[in-house]
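Just below sit the structures, each encoded as structure tokens.
The two complexes that follow have subunit A in common; it is paired with subunit B in the first and with subunit C in the second.
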Partner chain A sequence: MMIADGIEDEEKWLAEGIAGIQHNAFYLHRAVESNNLREALKYSAQLLSELRTSRLSPHKYYELYMRAFDELRRLEMFFKDEDRHGCSVVDLYELVQHAGNVLPRLYLLCTVGSVYIKSKEAPAKDVLKDLVEMCRSVQHPIRGLFLRSYLAQISRDKLPDIGSEYEGDGDTVMDAVDFVLQNFTEMNKLWVRMQHQGPIRVKEKLDKERSKLRDLVGKNLHVLSQVEGVDLEIYKDTVLPRVLEQVVNCKDELAQYYLMDCIIQVFPDEYHLQTLETLLGAFPQLQPAVDIKTVLSQLMDRLSNYAASSAEVLPEFLQVEAFAKLSNAIGKVIEAQVEMPVVGAISLYVSLLTFALRVHSDRLDYVDQVLGACVKKLSGSPKLEDNKATKQVVALLTAPLEKYNDIDTALTLSNYPRVMDHLDAGTNKIMAMVLIQSIMKYNTCVSTAEKVDVLFELIKGLIKDIDGTLADELDEEDFKEEQNSVARLVHMLYNDDPEEMLQIICTVRKHIMAGGPKRLPFTVPPLVFSALKLVRRLQGLDGEVAGEEVPATPRKIFQLLNQIIEALSNVPSPELALRLYLQCAEAANDCDLEPVAYEFFTQAFVLYEEEVADSKAQVTSIHLIIGTLQRMNAFGVENRDTLTHKATGYSAKLLKKPDQCRAVYACSHLFWVDDQDGIKDGERVLLCLKRSLRIANAAQQMANVTRGTGGPVTLFVEILNKYLYFFEKGNPQITSAAIQGLIELIKTEMQSDTATPDPASDAFFACTLRYIEFQKQKGGAMGEKYDSIRI
Partner chain B sequence: MVLVLALGDLHIPHRAPDLPTKFKSMLVPGKIQHIICTGNLCIKEVHDYLKTICPDLHITRGEYDEETRYPETKTLTIGQFKLGICHGHQVIPWGDLDSLAMLQRQLDVDILVTGHTHQFTAYKHEAGVVINPGSATGAYSSITYDVNPSFVLMDIDGLRVVVYVYELIDGEVKVDKIDFKKTTASANSAH
Partner chain C sequence: MNYILGAFKPACHISITFSDGKSRKQVPLKKENGQTAMVPLFQSQENISGKISIEPVSGKKVEHNGIKVELLGQIEMYFDRNNFYDFTSLVRELDVPGEIYERKTYPFEFSTVEMPYETYNGVNVRLRYILKVTISRGYAGSIVEYQDFVVRNYGPPPSINNSIKMEVGIEDCLHIEFEYNKSKYDLKDVIIGKIYFLLVRIKIKNMDLEIRRRESTGSGANTHVETETLAKFELMDGAPVRGESIPIRLFLSPYELTPTYRNINNKFSVKYYLNLVLVDEEDRRYFKQQEITMFRLGETS
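On to the complex of A and B.
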């Protein structure tokens, strides 16, 4: 267990080191108190010798260093007080160089140097230059790094900056900058070399340890950013180039990533904007393993926020051509880093797109450009299989949708569909759903046939089977959800202008017809109703306006509807088609187009005859036919007769007797319409009611025979109610005697030996009698009518 | 005080994409005790959505419903009232109040809730009330022109029911109310 031992040893060594420091510190304090310079120097040198160790990891060395640091602070105060030790600072500077070992010597020198600068007996720049050069003597990575860190620490407030008390003659700011840059450069070199030396050999652990010390190096950049005299000029001409030089030359991933990030965080966004080209120029030169995309994203994020902070800075972005530069830089990076996986490239484009959307939201050409670059990259690579990469592409495509809540904008981006083409079938569909959801969420309306065409191309993964994939492979629930989404989408396609609306409908039709039998039952109904709504809008305008060729007329739309519904025969979906034909029939009736309405009824009947086999389905279908037919007023006598004859015929042929009975009495309403012009054929009404009564009787007899008991009298009560209905409407064929007869019949049936007690029909009959009583009480014409009926 | 939501004929996704946003924000879960739905949802998603508003959901079958196993009619008792539900395409002539009254007698209910015409009505006759909540999405209807989205909320309290109808007209929700009183309490029925 080497490592465990190593840790234990380290703890021991650290403890020893600290003990050593404390031991010497004790004597140091005594010396200082008695103003004994010689002794003070002796013990401080000994103390500092503890820092000469090579046995500690960076983390532990730091602890030791901090102890020494505290002692040096006190020492500095002693050094400053010349009265106490009697030595001039110049002499002191000389004196400490006699210390035996180089490391303690240099720590002491820096400490005195601090006092020296403060005394102003020499220009700050001279002292600093001397110190930064001298520190070269320590080349051990850890020791050297901490030493220079100490130098940086004590020099921070003593730089010859403009406006500071240490401001010198000549190019004073450059002196300050030079000093910091030099220290920075040396510190970085040492930091990088740390990976080749020291007690730790395992790379991950080493990187972790190194990481902890990174702020020592980065601090220098921070200091530079605080120097008053460093303006844009100096930053551009001196600071940035030299920092970048070191960053690139050190060829260390850890350092490069950290420092690039540091530069971006520490210096103002304004500077970055103005030095964009230089900054970006460094990226392709970095090590391949550096996570450039994160750094670039950080940069773009900062710039985006900068842009958002005030409208005044926006022109600057345009002036420096920020977008173009970023775009180029990304291109170069992707080109240079051949090993970069597709996901890396795409996420770069996502960052760039986000930048463009935030800073140049009005420049759709930029957005399209980014998409185009992405297409190029995707074209060069094999079809996307990487999950992460796919997610990035989806993020890329979703960003414009969320930015511009209006789908129209996305539809104008020429590269949008091309990017989608590179998605695998599954993801393509997911993206299509995202598109639809975006439209639904923001309640946007797609208003031209052209846009609808583009949209349906984009979502073609949902509309039809794209080569290779079979609709069968998909989970049924998912498939339904998809198709229902498409159905909902159809209602968002709308234009006030009937011509354009018709074009939209034709466009949708063109696309959904390729969907195949599985999809048509979902997509046909919404299209049909969309068309019917258009018909209603045009109602009354069915003008063969002399000389004008008007494409959008109800007639034309009904022709279209016929073809659309006919497609359902391939599924086959007869019940649905039947319902849709009846809807069209009613609409045609309202447009007074008798032949068209008749044709639709024919279609419905044909379906009923040939395709609707299920008895339950037949019952519903025949009622729908009867209900619709009852409302028709456009038919002439002949047509009407043909259809009612068919309806009553089929009603009587339903499988179960009760169903027959009900359908037949429903047909009675075909012969009596309450409108002023409506048909009122009392005789045929009575014929229907009598027929249904016969069927009810037959049903009753059958029940007696097959089960030994009578069936429920409900049917009779229903028929009674129908008699009452027409009686009240004034059908002269319905007499009170007939009604009386029915009442007696029901009572007899209910009281017979073979009767099955049925509370429901009892209650129904009771309610009916109550109703009759109520009508009698009404008095007036109604009361008179009911007068002769006894209950 | 028992709140009963009555709605129907949503026709999602055949004739409408979704409930109006203003309605959705009003239909908050936990406030309603029962939902009565006349049918033509038409898909399971809508059924599930209604269930989240109130788990006690009663639906009858409309002719376009995906689920074919909903019953043709349904009756239930809430407080002192017997309610009946039926989509209405089975009652011919469609929307005819006298024919609907016959159904009401047949089901022996105080309140009959039906749909199909997409037209809100609340009609009182000697045996009770017939309510049509209209179409909650304002879906196209061959029977009614210019359908406004509407639904009904019934507040049943003892022998009294207050019927609130919510209609979306020109983007604004308008509310109207009608009062109905039963004259006698229901006898404990045998069924």
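On to the complex of A and C.
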């Protein structure tokens, strides 16, 4: 209620003020029109008296001021025209000073002053100096600010600048600078003093009101930046020291923040660069509550943009040691502002880092230095709790990655992992993901064992359980994604030099082995494949460097692989381990390392026997074994027999008949390798097929017994297809008669009472028959072969 | 352009003209009836000469016992009306007793007249110079005619003119130092100075500089003192803080000032003071008064 009333009152007062101005303006216009100087002065003084009010907020006061301002423009035109009022400008300058009230007097004085300078009857510098001094008489913050703002306004185009028509003899630029600086200083003092006005008002509201006036103060700095004559030397020796002196001495956080920002924004970057020490020297002296980090960040942003703008300016940066100075300043600010929250400090470091990255991209030591400073700051507390600070740290760590598009660089930074250590487990993981993603995004190849070591140290949050993380906290999906990322990462580790590559593999192994049962299934396969890839590369090389001690031999790698997969089988993840063993076996086969391949097969069989209990898994596994075994060519007869024997044996021992049947007929391929010098044991092929037929029969009967219906004929059709395959391949044991018999058998089965109609198997059979027909029709050797088969 | 002042007399018409009346500077003078008239300006040691012509009203004759002209310097106290004190009185006899039938003109001259005091119109006192023509008659009273003129005396600038500098204050409350560039000002002068705030613990609203005139008349137990504020000039708006220095620049020309008069003929004195007034937000006034000496510098006209 009270506030509402206050606002209403203010509206009323403003309206009264405006009415007062309008009233006097009417008579003023009349006086001006009739060239009556005395009346004009009288009414203008009365008009300006409206500005003496203390009841308006800055916002409303501004409105009033603008009205008066318009009238003063008109009056100035009148003053300029000596013919009309008959009073020389010098006399006029005295005349207006007869006004009894100080505020109208000074507004009029400034107005005449403007005319006086234009008339050039006195040097601009003298008039300006007089005006700026006389304005001291208004000590009321708002009224003073507006008065001085008026002074700044009318004097803007009349400064004795270089090249200006008001430039006098001698060093008048300094006079221009002095004038603006003095007006600035006084305005700032008034502005700062505003906060002590009126005891009833709350600070927050005052700050808000003050904020609205800040541009009046800042305008002066803008004017200074526009003065032609302010070259680097003047800026360095006069402008900056004096502005900073005022900023520091005013001890007001609002003003300090705004003005520092203003300095940074209005003056050219090259000036900042050349006066960095002075500028930065002010920061530690600012009030603790000033948001230094934002301002400093602005500065660094600007400087880095400047550096980016042209390569020519870079030497300047080096010459002034910009980085060292900034770094030093930040250190001091953090030291001086004990109260500054960690997040503030970190964001300062982020800015500095950004600066370093953009300006000195070749100086990794700078980056490391920043990170080191950050570690130092963080080392006070064990882990970061503050969410915002954590974010800043992530930003800090991400910046170098983004800059270099290359994880390599980050890996050479000794402080990088130390910063990461300060993150909590969750963030650490996120950061690790960022690292991996960066590698993926830019397709970076990490090429030395040393770097791999560092990298895995960095992402250890993903690699192993960190103390205090409870397993059940983890989201299953997130976990999978993380581990998949690690798996992808493994593929990015590569070196052309096999030796180094082996080192990399060993390093990775060292890290991932600590991962525990949940991670190994994700991380081992890529490692195995990575190792196998190396093996493939070495395949041809082996033996070339005979006599020398070659550490990276396939044999050695296979030993390593054996250990790795063993770890997986202990997890336990037997099926996966089995597959990997088979992969290794195949690779060993290709390297012609029979014993090694045999060993892998042995391991696979052992796993099959001891660990693979699930019947479905068994089926899959046995097929894999059969498939792999079929491709082996390194084995001698004895070893091969042992293994094939085992495989067929296990096939026949599968739980379900159809599975048995299929496994057994698959085994038939073990005895017939369609290569030039592959094994071609037709008899044993036939044995397998016959055995599978028996099993199929048994399955059929079992179905009859248990369910009263015959099973589908699919198995038979499948066997028929096998017969056809071997028939075509020229296995002498497979005769057209046997095929004929099988076809008849299937037909009979399909027509039996108990047969269950199954469109799929019917179609399968029909297709098979059509194929036979097709082959018959084709003629040639194959047609002849088929000729005896009747459908 | 002299007019005949005073009322028409039934018998004759007297007019007083100065010999250099056309070229002599005229200044305004406030009359007893409140009107302002332009009168000639003189200074001490000047010759005052002219003509007095007497013209009887249409054909009447004027019989008289002698005609004289007097130059009078008078001090008049308002509280003691009609009691003039003549500090200067010079007489020239113009005619022996006889009769005047027609217009008759008499030249007169008072040479190098000593007129040490300036014409002054105060609150309680007036110092005036007049020429008084008297046609003495035995019967029906004498015929008298007056002509006012103004005297101003110019002096050289004082050889010693120190500034006024002072530190004043209220303990733990307000401490200021002020400075006026001179202690003696001529009437068209400018007061330049500054106020330096050494300590400010009160909330000052504004600060004014006043010019005050103190007129004292009479002597001893009968002294009357009258103080007027002739100028009120705002020096500062708002509350300064410690270390602020506020400029003073006050042009004296717009104000109706006179030189300082010290003990004029033991009858009266006129003194001037600068009064620095600070007003706080509760409208309490803090002030410090300093005497300044006013003097009249030779005019260049």
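Here is the rule we go by: the second predicted complex is superposed on the first by the 777 of 791 C-alpha atoms of A that agree within 3 Å, B and C clash if a C-alpha of one lies under 4 Å from a C-alpha of the other, contacts with A are read in each partner's own complex, and residues count from 1 in each chain.
What we mean here is this: a residue touches a chain if its C-beta (ideal position, glycine included) is under 8 Å from a C-beta of that chain, and two chains touch if they have at least 3 such contacts.
This one's a predicted model, so the numbers in the text were calculated from it and none came from an experiment.
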Three-chain arrangement built on subunit A, subunit B and subunit C clash or fit: fit
Touched partner set for A:Arg770, first subunit B, second subunit C, both or neither: first
Which superposed partner A:Gly144 touches (first subunit B, second subunit C, both, neither): second
First (subunit B), second (subunit C), both or neither touched by A:Asn721: first
Touch count on subunit A, higher of subunit B and subunit C: B
Touched partner set for A:His623, first subunit B, second subunit C, both or neither: first
Touching partner for A:Arg52 - first (subunit B), second (subunit C), both, neither: second
First, second, both or neither for A:Arg536, with subunit B first and subunit C second: first
Centroid geometry (CA): angle subunit B/subunit A/subunit C, rounded to a multiple of 10 degrees: 150
Contacts of A:Val434 with subunit B and subunit C, given as first, second, both or neither: neither
Touched partner set for A:Val102, first subunit B, second subunit C, both or neither: second
Closest Cα approach, subunit C to subunit B, once both complexes are overlaid on chain A (Å): 71
List of subunit A residues in touch with subunit B within their complex: 440, 443, 480-481, 484-485, 487-492, 522, 525-526, 529, 532-533, 536, 579, 583, 586-587, 590, 620, 623-624, 626-628, 630-631, 666, 669, 673-674, 714, 717-718, 721-722, 725, 728, 759-760, 763-764, 766-768, 770-771, 774
Contact set on subunit C toward subunit A in their complex: 206, 231-241, 244-247, 249, 251, 254
Touching residues (chain side subunit A, partner subunit C) in the complex: 52, 94, 97-98, 100-103, 105, 133-134, 136-141, 143-144, 189, 193
Partner subunit A, residues of subunit B touching it in the complex: 12-18, 21, 43-45, 63-64, 89-90, 92-94, 96, 98-99, 101-102, 104-106, 108, 126-127, 140, 142-143, 145, 189-191
